[in-house]
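The following pair of complexes shares a single chain, subunit A, combined with subunit B in the former and subunit C in the latter.
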Partner chain A sequence: MILFRLSHGLVAALVLLTTGVAQGDDRRPPRSGLEFVAPGLRQLQEDEFANPGMLWVMRGNQLWREPAGAANKSCADCHGKEAPENAGAAAGYPRFDAARGRPVNLESRINLCRTEEMRAPPLAYESEPLLALTAYFRHAARSQSMVADDSGAMTAVVARGRQVFEQRRGAFDLACRHCHELNVGKSLREERISEGQSNGFPTYRVSWQTLVSLHRRFQACDTAVSAEPLALGHDDYVALEAYLARRGTGLAIETPAVRR
Partner chain B sequence: MSRRRPPWGAALAAGVAALSVGALAETFDVREPSLAPYRIEGTGIARPLTGRAGDPARGRAIARARTGGHCILCHAMPIPEEPAHGDTGPDLAGVGDRLSGAEIRLRIVNPKYVLAESMMPAYYRIEGLHRVAAGRPLLGAEDVEDLVAYLATLKGR
Partner chain C sequence: MTTVRIRVPSTVKQGELFEIRTLIQHPMESGQRVDDNGRPVPRKILRRFVCTYNGVEVIAADWHPAVASNPYLAFFARAGESGSIEFAWTDDDGTLTRETATIQVT
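Showing the complex of A and B:
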């Protein structure tokens, strides 16, 4: 009898344990990278007038209204004078583009508008105008919660992103999760490791004195573990972006964040 | 058991099994193209990769350099002239009391033999890695021996 009760208790405990583990990372609320930065950087990020990333946001505001391409149309011609009317949309990328049968992130969405609606050449990834437009759009969605489309065709994309997040790589043989899940809050010399959330992107990097896209950050982390970085806009980086959006759902968008 | 060239997974499983039970019966030789072969016996690699003892002063420099082993990225070490040391790995002060030279050598060569899920890079390994830029290990055999010699001096914290 005692044995029976014991094993019963054990089973219950095991069930609790396993469900706890299974739901573990879904239940723990995500934490913004802002919680891990030095106080000086936090101040710089939160002061709209001092935040260096705001230069790109302002430039994006201009570009939003500037006609371009053979169609001589501006973004504002189709989407309204103020980006905030579209703010909800910026919070939800990447999303699945049914017509093209692939996921698109904000950068490629902007370029699709240029090539197809404005009949203008696409902007290069990481070029100043593309960073400016992305930052302007995401800034307009500031304080809104990140949302992730992980239904339908996006389910497979998010699953692929998770695989990439967990795949060891490079001579250092580390996956994203080794730093951003298993060692959050610890330090690699002067760098304090955050959860690697994407809610502040594009982000102003003080050490590089420029705004950087999320994919540029992926490349930097890949390079740090001596892995061959993927091309900006690579399918696996878009998948990673979708997984991070899923993982960070509920975090407030903080673009442009300021980091070391 | 002794294998000339164990397939990576098998070697890993054997190594992990052997070391986690602490049984010293397992022995196997690891051969990778263009790396000096070595033999894992029990919890360590007894024979220096170069066949001779390393230079501790050079080992200290390698532990510290960003372009060398850069061990202080993850470990606190008694190297006070470097400002920030990482803390994702254990403090290595006193490691010479805790581990033998053979055990230290195995942990630098490939810590995954000790702990498959380890966060620590294997410094003397090429095979079985994903998307690596260079076709050479993080450190050469001589560098590993210099580090082993240096870490063995870290006693009595």
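Showing the complex of A and C:
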């Protein structure tokens, strides 16, 4: 009997040990931030009409057809009347741009099109039109799975992103992973800590009353741990974005998500 | 440029109650905040909202600084005759944003 109990206990311990290992592994199925929000916000996000982020999606749809720049071209002139034709493309950023030798996220892809094809001035990061276009593309890819390119030249970018994710910083000396991996589901003030997934971005933040890009969210996290935030569009933020895409592979895109 | 969303059923039965939903993009700056340099940010809110159905007022509302940005409003009306439903938001600076929806009563 004792032997039985002992072996039983041993099995339990082993199970615990293996699940412990499994949890430390980044191949466990990712969980969307939607699972961690209050019911009211979840309802607001899932209501296609009332979701305030849809205002930016609508604006993005207008901008898609609006000609701009010296070439007097609109996005639609090259890419078709409806963005959904290219919807899959939005799910797969950041990608490596071989011609430029650097990773390019959706925001910089839009601006490259503007400067090179449309011969228009680039849109400022976090400006209303850039947020609107980004939200429009990501919304067109809604329900598709997040995909990440981590082959070839992107391998190094994703690896750098992981370093950024694990790098302690700021007066609080915390890395992203200390909240978003080691303390997921616990309470931080009145909120539950999510996995820090990027599938809902750009996201409408009720407390800021506006749509925010992923990089602005990074800045807010940096500020919250008393670290100096990097510039929007910084290489390390793009790398972190690539790592998060890799980490969230398989999650459905939910843009525009609604968060507190 | 103001983005507005309106949802009105395209057809509705005579005498029936139907829901109207509205959402408008607006900062609703309360006038009680200061900028990074400590200067007060001037108030800029939507002051009044009016909805009319074939010229008859359905709802009118005075809004105040505590209303959140991008205000959402949903309300009900009773179907009378086919026609147009008009929406108007008045800004502090006098700007009027208008939107019209048509409804078919069967």
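By our rule, the second predicted complex is superposed on the first by the 234 of 260 C-alpha atoms of A that agree within 3 Å, B and C clash if a C-alpha of one lies under 4 Å from a C-alpha of the other, contacts with A are read in each partner's own complex, and residues count from 1 in each chain.
Note that in this section contacts are C-beta pairs under 8 Å (C-beta built on N, C-alpha and C of every residue); 3 or more make two chains touch, one makes a residue touch a chain.
Since the model is a prediction, treat every value here as computed from it, not as a measurement.
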**Message:** Applying the document's definition of touching, compare subunit B and subunit C: which contacts more of subunit A?
**Reply:** B
**Asked** Where does A:227 make contact in the superposed view: on subunit B (first), on subunit C (second), on both, or on neither?
**Response** first
**Asked** Regarding the shared-chain residue A:127, is it in contact with subunit B (first), subunit C (second), both, or neither?
**Response** neither
**Message:** Per the contact definition in the header, classify A:49: touching subunit B only (first), subunit C only (second), both, or neither.
**Reply:** second
**Prompt:** Just subunit B (first), just subunit C (second), both, or neither: which does A:187 touch?
**Reply:** first
**Message:** Output check: A:163 vs subunit B and subunit C. Expected answer is one of first, second, both, neither. What do you get?
**Reply:** neither
**Item:** Of all residues in subunit C, those that touch subunit A in their complex
**Value:** 1, 3, 5, 7, 21, 23, 25, 27-28, 68-70, 72, 74
**Asked** What residues of subunit B sit close enough to touch subunit A in their complex?
**Response** 72-74, 83-88, 112, 119, 121-122, 129-134, 137-138
**subunit C partner contacts - residues on subunit A that touch it in the complex** = 49-50, 52, 54-56, 58-59, 206, 209-210
**Prompt:** Where on subunit A is subunit B touching in the complex?
**Reply:** 167-174, 178-179, 182-183, 186-190, 193, 222, 226-228
